[in-house]
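All chains are identified by letter, namely A, B and C, in their written order; residue positions are counted from 1 within each chain.
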Amino acid sequence: MTIERADIEKLAELARIELNEATIAETTQSIADVLALVDQLQAADTEGVEPMAHPTDAVQRLRADEVTETNHREEFQAIAPATEAGLYLVPKVID
Amino acid sequence: MNNSITNQKALHDKTIAEILAGLNAGEFTSVEITQHFLDRIKQLDGTYNSYITVNEASALAQAEAADKRRAEGDVPALCGVPIAHKDIFCTNGVRTSCGSKMLDNFVPPYDATVVENFANAGAVVLGKTNMDQFAMGSSNETSFYGPVKNPWDTNTVPGGSSGGSAAAVAAHLTPGATATDTGGSIRQPAALCGITGLKPTYGRVSRWGMIAFASSLDQGGPMARTAEDCALMLNVMASFDPKDSTSIDREVPNYTANLNQPLAGLKVGIPREYFKEGLNPGTEQAVRDALTELEKQGATLISISLPHTKLAVPAYYVIAPAEASANLSRFDGVRYGHRCDDPKDLRDMYMRTRAEGFGDEVKRRILVGAYCLSAGYYDAYYRKAQQVRRLIKQDFVDAFEQVDVIMGPTSPSPAFEFGAKGDDPVAMYLEDIYTIATNLAGLPGMSVPCGLVDDKPVGLQIIGNYFDESRMLNVAHQFQQATHWHQQTPVGIASEAKDTEGAE
Amino acid sequence: MEWETVIGLEVHAQLATKSKIFSGSSTAFGAEPNTQASGLDLAMPGTLPVPNEQAYRYAIMFGLAIDAEIAKTSVFERKNYFYPDLPKAYQTTQLERPIVGAGHVDIELANGTKKSIRIHHAHLEEDAGKSLHEDFHGMSGIDLNRAGTPLVEIVSEPDIRNAEEAVAFAKKLHSIVTSLGICDGEMSQGSMRFDVNISVRRPGEAFGTRTETKNLNSFRFMEDCIALEVERQIDLIEDGGKVIQETRLYNGETKQARSMRSKEEANDYRYFPCPDLLPVVLDDDYIESIRQNLPELPDARHDRFMEQYGLSSYDANILSGDANMAQYFETATKVSGDTKLTANWIMGELSARLNAEDQSIKHSPVNAEQLAGMITRLVDGTISSKMAKQVFEAMWNGEGAADEIIEAKGLKQVSDSGAIEAMVDEVIANSDKQIDNYRNADESKRPKMLGYFVGQIMKASKGQANPQQVNEILLKKLNELI
């Protein structure tokens, strides 16, 4: 699977990571190397095999509908980059 | 244990079991031993860089509290014993960086369950250990806080991602440390640093408060110098946690209970695939000698096959990055952690915050992960890898029909020099070739020291069946009773004692 | 040129659980910003989700109510995208294996036609937080109280063909979820939000390109928005243009719609099963016990209203449709004892007033007991229907119960026939001209002419004469005269 610079740029946009112009070629190459590694999977015969998302056969426990959390806004916002009037501030959101 | 010998050991050379005995016998206080370690860290860690944060004041306060408890007759399991936490476990009021600039300023207002468990057990936290950024690495070269040096040879890596915990234990800067293992990050550094490390069965140790890398693979576990110490730590770490949906509700046995069971009749599976090309000959010899030792103790070695072994690394490098790409999306500069200066708009804030906060390996894995999940590639990569995962698990399930434990080398070679893997990420990934399959299958695994090659430690890997940690620890302990590899220390680390490694 | 409209709805209903879907934070409406946002809701590192059983129960109740298959194994997935109101930068939702499969919702239109709208599926997911539009020196403020509130997303097939059907469908859904008690239906609070997918085509052609208008929270807005969008699309195509697939926002105040900038880029959501959550496996007994305990559903209530209260299907529709209205009607009827009057008052005066002031019946200033109290006085003749209107007005303005108002305003009607006779005689005596006109008029024209006499009598009695008696006595006396 050949991956090109344009593919990397699209992924970087999806992942919201600005790529350094100087290193973009290197990044493209190293990702191509990793993809060459994972392409080895294609040789595997997986006909009829159910994908396994978890290593255990366990099933989900459901929790009772109770309010167990109390207000810790001050503590949480003490470590926030920017807050005001109890809100988290971010550059203007335009729909 | 021979008391006259252990009494004479320097405080930092004592095992956790010995420390507990010493504290209980009143030979020294927790404050004394804690101060001792803190001084030693100050004195020596400049060389190894195994700690990111040292909690001087709070450690002494905890030690004082432990001494008080002991005096009042209230002695929880690890009362007064100093330990360190890998900087991936959230510690209330103490910076938790995950080895990354992204969280350099992150001070969580909550504790991980593992941290809480140790606090309830009366342990004293010396500090937070260094690690590969976001647990992604096998050499601890990617940390924002600089690489960790292997105490055996400071030109070489300690392994990763739990390089800090491994080096701290190996350099006797803590008797035990917590760590995490997603593809081998406990076992491989344990092997490279000549110490004992254990990755429990998936779901045995709570992941609450343990910063997620790959959710279906991550497990927290102990690193120490003996199997017995790992058992003592695992007793504390293992618990059912209702806050973690993947935590398994199963009774925690006393992991020290079966340590002394004789090995006669034990069936040890030796996977053919773990002894092929790529394995350092010195490493192979040390491992084979170790296996011979087990035979002497009555174990039977059985050749087995884990046919899909070759697919483990490719499968892992789809699944782990895929999960990580989503797990690391929350680091966006909005609610905590790093935020870039003067963002000109929302998109700019995201793009630069994440570019500045994450190291190169982290970025690489996020992009690979996004790729494997993206439209058009999901089936060929992610879905395919999950199918292969099931095949890999089945290999183990089949093998465990015939054998009790599976053993082989932990790592293909001893510690390598900094920069040796160069710019080739894949070369680094192959470091985990023997450990990765265990994570995919969710099985427990251990590494114990079993030899030296050019004065560098070699690790013997033990893979157990699901929830069979007791058996793994038993095998490890019996091996350590008969051999001295686990007592070897790097030159200059252990202090002179009246009698050094006494015959056991 | 004939056009056919094709509409599909995606409806988000907030489930009325006490705590959020994955965390133990409260879901109560109206709290101070970020006071109901736990570490998990804030996506703090190391935090993990545990699903709320009640949310599952509610989703299953909905599935059973629409005759859908309930999945014995369902899986949560991660839908990945970046937005400040989405703390994890992924939404935990369901895709491949949702809890509720295909079902149907039956609607009845004004002209009596019935239609069954197919539901593709319904799934559980978590709500996002809110970004406030106020300006904080060039920044936006994010409130994550709502982040993690459980939602059931209901996806219809594109079976809807016009605004009337869309509104009927939306109202029926509203009725179902409120009747089940799984959602409080408070649209102004965002408890139910509707996304409308609209496309047009010439009859017989394949489906056209559709647009999606998001987050409508009023039936009226939905109706207006559909009309506007259909017109826009038709105009566009007739002018030679092409409809582009896009997401739009409709402003009900300004009655204008626009494209959403942020959704313009194609988003690859990279769905995959959430590794922090295990598959939810349910057994038949669990599902069956939920089925046994389902509250009365709108259709069953409709039929019961027809039978129990002798209502027409049309009236039963109106009164049983909204769970709150149904409850209001039943309470009021029980107290007043008169089904017909109660029904008429609710469907007429009360509804008109509620609509005019954009109030829901749940928050009606006149409650069921009060209305019933007034109707009781109508039935026993204490007040006339004209007076009743005054009483109603006073009750609406918070002046108290019917009896208090009647007393205070002296509204008791005069029903003493002697008194009325006297008044009739008086008016007749003073109306020679009108009597002559009446006598000379055609029989068919006479009923209309009564109005003058009645008016005079009512004036004389200050509106308090019992109208039926006035009519009776007036007619009798007039007939004696001519």
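Please note the rule applied: contacts are C-beta pairs under 8 Å (C-beta built on N, C-alpha and C of every residue); 3 or more make two chains touch, one makes a residue touch a chain.
Every value quoted in this text rests on a predicted model; they were computed, and no experiment measured them.
Comparing the centres of all chains, each the average of its CA atoms, the largest separation from chain A belongs to C.
More C-beta pairs touch across one of A-C and B-C than the other; that pair is A-C.
Remark: the per-chain Cα centre closest to the mean position of all protein Cα atoms belongs to A. One finds 24 Å separating the Cα centroids of chain A and chain B.
Centre-to-centre separation of chain A and chain C, using mean CA positions: 40 Å. Put simply, the C-alpha centre of chain B and that of chain C have 58 angstrom between them.
Looking at chain B, one finds that residues 106, 108-109, 216, 242, 245-246, 325, 329, 332, 334-336, 346, 350, 370, 374 touch two or more other chains. Residue positions of chain A touching 2 or more other chains: 14, 16, 53-54, 56, 58, 60-61, 63, 72, 76, 82, 88, 90-93.
Contacts with at least two other chains are made by residues 39, 42, 44, 50-51, 80, 82, 84, 142, 268, 270, 275, 277-278 of chain C. Taken together, the chain B residues at the contact with chain C in this complex read 89-90, 96, 98, 103, 106, 108-110, 112, 207-212, 214-216, 242-246, 322-323, 325-326, 329-330, 332, 334-336, 346, 350, 370, 373-375, 378, 382.
Only residues 39, 42-51, 78, 80, 82, 84, 87-90, 142, 268, 270-272, 275-278 of chain C touch chain B when the two sit together in their complex.
Chain B contributes residues 105-109, 202-203, 216-217, 242, 245-246, 248-249, 308, 310-311, 313-315, 317-318, 325, 329, 332-337, 339, 343-352, 354-355, 358, 360, 363-364, 366-368, 370-372, 374, 380-381, 383-391, 393, 423-426, 429, 439-443 to its touches with chain A in the complex. Those residues of chain A whose C-beta lies close enough to touch chain C in the complex are 14, 16, 53-54, 56, 58-69, 71-73, 76-77, 82, 84-95. Within the complex, the chain C residues that touch chain A are 17-19, 23-26, 32-39, 42, 44, 50-56, 75, 80, 82-84, 131-132, 135-136, 138-144, 249, 260-262, 268, 270, 273, 275, 277-281.
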